[in-house]
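Next up: the structures, one after another.
In the two complexes that follow, subunit A is the common piece, with subunit B as its partner first and subunit C second.
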Partner chain A sequence: MSKVESGAAEGGLRQAMAWLHTWGGLWACWVLFVIFLTGSLGVFDEPITRWMKPHLPQAAEASGDTGLDDGFDRPGAVRMGQAWFEKNQPDAHFWGVGLPSDEDPSIRLFWQDPQENFHNTRIDARTGQPVDGSHERDSEGGHHFVHMHFEFHGGTAGIWFVGAFTMAMLVALVSGIVIHKRIFKDFFTFRPGKGQRSWLDAHNALSVLSLPFQLMIAYTGLATFYMLYMPAGIVAHYDSEEAYFADLLTQPQHQEITGIAAPLAKVDELLVRAEQQLQRPASFVSIEHPNDSSASVLVFGRFIEKPGEYRLLGDGGGQVFFDGVSGAQTDIQMPGELRGGAAQDVQSVMRNLHFAAFGGHLVRWLYFLSGLAGAAMLATGALLFMVKRRQRSLNEFGSATPRVYRVIEVLNVGTLTGLSIACVAFFWGNRLLPLGIDDRPVWEIVVFFVVWLLSFFHAALRPASRAWVEQLLALAALCLLLPLLNWLSVGEHLLLYLQRGDGERAGVELVALATGVLSLWGARRIARPRAVPARARQRAAVAEAQS
Partner chain B sequence: MSLSLAVILAAALCYAGMAGLCLAMDRHHSQVWKAKAPNRQRLLRVAGWLLLALAVWPCVQIWGGAVGPVVWCGMLSVGAFVLVLLLPYRPRIAALLAAVAAGAGLPVLLLTAG
Partner chain C sequence: MSPRSLALLSRTAAALLGGYALTCASVIFLGAVLPLPKSQAILAASLTSFAVYTAVIVWVFATPNLKRIWWVLVIASLVLTGAGILLGGEA
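Up next is the complex of A and B:
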């Protein structure tokens, strides 16, 4: 038996797990905090997008209406889109037409050029002319937080990065359960105002009381990307991911491009046929290899939220496949139809559990609050590490210990408050960047990262206690002034939203205000010395003066 | 049962249930009452479990058999968090609030179930 193993055995399982929880948790906690905070905000990606794009109409309450006549001429939209493509992008390998709806009354066009790069534009559903977006607030919207959450804007590498840290999260959760000696005895215990003890109580309460959510969200997050994280089975048996899915879901196989010219079938007629069979409006039409003999057309039914009907499985809008030349129907999947067997169903349920869109507003709020509890659990864990060592160094790194502690402290400040500031700064960027500039959504993300980087510099240059207070005050100011900025920049404000019944946009500002008040309170708590010690000091000073 | 009523009812029952389990423990019992009272504590424990179990009902009524239990899990956490934040600062008010929540929640539950 090696020394390390015998050491762990002597100390017992609990001590070994304590070591794992402390150090395994420490290196992962900053990245996980980012994943949790942006994931919580990502729950409300649509309301955030709507706040950032004031030109979009207010969200309509789900009516569950599946009637085909909703006031939009979808066959006409398909004709307009097709005409635009024939004229401007005849050589593209893929055309996609996003159909107009209450959400967005314009026609959205997507295509993939022969070099396999994706592009998109919008045309007006009435005139067929390109939409002049220069006066609109082009924005990344809430998608920014969703993409930070699952890939850090880093593509496949980012998804792997997040997956590795999610595994670390599961390790920290299980080791945390093992080392928590009195889960049930301390279930309701929180003793505020007692320094290190209070931080440990808070860390325990946050973790234990939201434990079902934390275990579920970490596990289902991994299950969502099973094809990427556990690819061996698919790689061994299929040439491509598309081939795997076509086989699993018994859908038409992807056709290779032939290079033989063949006129495209009348897509507007295919749309009408598809809608009649799906018994609901379509949301999107995709045309693979237009004007090639391998052409295929796929019509997606609209996702329709039915009020009072909540489900974890079978909520799809349905889809119809056509041969793109002959117009023959090759497959139809009705709304709610399940394919791929029990394992696929289980995976779908897990995916839906992670995405929080299955139970209406209340479930979104529960996920938002539980996600924030997770972020707070990580934050209190990171703080606890330093609180324990601020009083008395444990000298884990020999002579380098003070420097390592300093780095940890800077990472704590820059991640916990710095990231929060960057998130609000993203909203400020949306309102302050000039309209009509190229790649405006990218500039919003640049603002986010630059502000975040600056917060690390600030944390590194200031003493820790000052850095905390200053960053909390900055966060409070940005949050509390956000409604004012909105009023000054686009002329809308909270009262207007409430009056109109626009709960989504009002919610964004109310959450900002609440965050601002909490940060102010936090800054005050840190800046003002504790009441009891202050009185004690005073007494000591008086006693000294009298003697 | 309307959505908002179900949310309030589930939250009230979860909070009251958690408070029952909590105040049944010696440590927290002494935050509200001076002396130990084994009978009262046993009663609180039973009532706590019962209230938590009853909170499933409004969730399943609105969200159905699949999503309802998920919502219930979330409401359990919410109820416990509110209690844990309130208890150290205002233990008596926390206990009183639980009594009101159970006292108002149970009749409403019976009325809507019947």
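Up next is the complex of A and C:
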């Protein structure tokens, strides 16, 4: 492989950056495509979850109501949760009670066992009995895409994996800007039907148009996990992460567990006190070290989105800290209160920018489309690499070159169309897997990964051009038939959704239909390429010789 | 492995590992010297670090002299970390 590195830091800045952009971009583009496609779908995680769980109520318009009486007995829910924990998990180090609301009328319980593993379950808010979910379509829903997006379902290792590729993205963007001579002219340049030149134009136009979004989304993604990716400053200057956080947010210091038994304060009374001070309903109560002398209780106020009033900063629901034994209030942070100075404000804004946690539906659609533009930028980049070399091998890998090209081609097919098929297959799995089986949500994700793996096998076994067409047709079929599957399996369909004004569920099917039509068009284009006039072909050849 | 492959490997390692080390050092140093309360200084430096890392990687791939790259990375990392810990008051 003596010729691979020719070009690294050689021949001036622009050429060195061209080398970095081509090779750095190539090895990163497949993983980044996965991050972008699943991230774009993850923007709509709630609508997708609702589509996958037909038993959930239709999304209500945010009322902005902060009234304390919304028909749910929250102190009762806290008592019920506490009783369940005392009976079933007395030794846990952490108890959390998710309070009932319009979104989910059950009580959600979370705990951390003495081995520090997290668990959760749900109990009925009226009876205190475990919720019988066997008749429900239990599913990870849209969270599956969010988890693929930031950790590939791989926990902390997965977050590091995504972070490393996000850094590659930043480097590819910066090197791409340096090599780009005519950044504004290319806004308006698109020469279709000219092979390689068209792919380059498409790649440039997509990248330049969406560049601000791509830079923002990559950087804010890294900033969201700064404590994991860049812990050096905290490690060098503080004893622990908790100490740093307590200092930054001027909150009570984290208490170590003492092992001295002490009865827990009446948490339902603490909840009532907290709600009266925050002047809004609470959403969550967390109890650290229950029945230990170091116990503390933290009550979170509900996040309330006011219609038409969008903010990038200071939209928190507020929180109140209590000593878990004496019940004394140790700190209160009012809704919208900002702490940690300008640096923390910047971090909060970055996080909200990344999560599209402002601006409602309009911004979410903008993010969805910009994210897809990013995915398309990566896809056109990957395709461009191969289109350029299919005509004339550049022989970068000596005698192994044809084999490396073949691997790249298979990776292109299996990632671009294969992942798209797997995403739709996840919806099919949701409707086809039987209800009431153990770990149903996990099986849906298994369907996703198995279909994706099969798409790589298929790409490896078929000639590239056939593989593209066949996978695009499979994608089109799965997308276009999804509404039919929904109607046959649970009796709901697009017209019903539209009639009910359920824009979220209808949106899922409309996007599926649009994707299906697009894939069908793409398959046709590849199967029967438009006849290119001789003159255009000549021009393309000239353009290529110049590039 | 050919000398050119070795050089590429060394350059990539300099960019990824050396770059990360220098970036960590910059956070430790800025966390100590930025005129903000310590926790906020660390946060500000951490948020900036991803731009620093990007710049270092680009610099490594744009600079022909590999030996110089390694010297700069090692010395700058050591100096910034040492100064940051000394000025920060606690290790």
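Note that in this section the second predicted complex is superposed on the first by the 519 of 547 C-alpha atoms of A that agree within 3 Å, B and C clash if a C-alpha of one lies under 4 Å from a C-alpha of the other, contacts with A are read in each partner's own complex, and residues count from 1 in each chain.
Heads up, the rule we're going with is that a contact is a pair of C-beta atoms (placed from the backbone, for glycine too) under 8 Å apart; a residue touches a chain by one contact, two chains touch by 3 or more.
Since we're looking at a predicted model, the values are computed, not measured.
J.: Given the touch rule stated above, what does A:P57 touch, subunit B (first), subunit C (second), both, or neither?
T.: Neither partner.
J.: Identify the partner contact of A:G314: answer first if only subunit B is touched, second if only subunit C is, both if each is, neither if none is.
T.: neither
J.: Is the number of subunit A residues in contact higher for subunit B or for subunit C?
T.: The partner making contact with more of subunit A's residues is C.
J.: Output check: A:G155 vs subunit B and subunit C. Expected answer is one of first, second, both, neither. What do you get?
T.: neither
J.: Mind working out whether A:F190 is in touch with subunit B, subunit C, both or neither, as first, second, both or neither?
T.: So A:F190 only meets subunit B here.
J.: Look at A:A205 in the shared chain and tell me whether it touches subunit B only, subunit C only, both, or neither; answer first, second, both or neither.
T.: After superposing on A, A:A205 lies in contact with subunit B but is clear of subunit C.
J.: Could you look at A:L13 and tell me whether it touches subunit B, subunit C, both or neither (first, second, both, neither)?
T.: A:L13: touches subunit C, not subunit B.
J.: Who does A:Q347 touch here: subunit B (first), subunit C (second), both, or neither?
T.: second
J.: Can you list the subunit A residues touching subunit B in their complex?
T.: 185, 187-192, 205, 209-210, 212-213, 308-313, 353, 358-360, 362-363, 366-367, 369-370, 373
J.: Given the complex with subunit A, which residues does subunit C contribute to the contact?
T.: Spelled out, the residues of subunit C in touch with subunit A are 2, 4-5, 7-8, 11, 23-25, 27-28, 30-32, 36-47, 49-51, 53-54, 57-58, 60-64, 81, 84-85, 88, 90-91.
J.: For the complex, which residues does subunit A have touching subunit C?
T.: Counting only subunit A, the residues touching subunit C are 1-2, 4-6, 8-10, 13, 16-17, 19-20, 167, 170-171, 174-175, 178, 219, 222-223, 226-227, 229-230, 232-234, 236-238, 244, 247-248, 340-344, 346-347, 350.
J.: Along subunit B, where are the residues that touch subunit A in the complex?
T.: Of all residues in subunit B, those touching subunit A are 3, 7, 18, 21-22, 25, 27-28, 62-64, 66-67, 70-71, 73-75, 77-78, 80-81, 83-85, 87-89.
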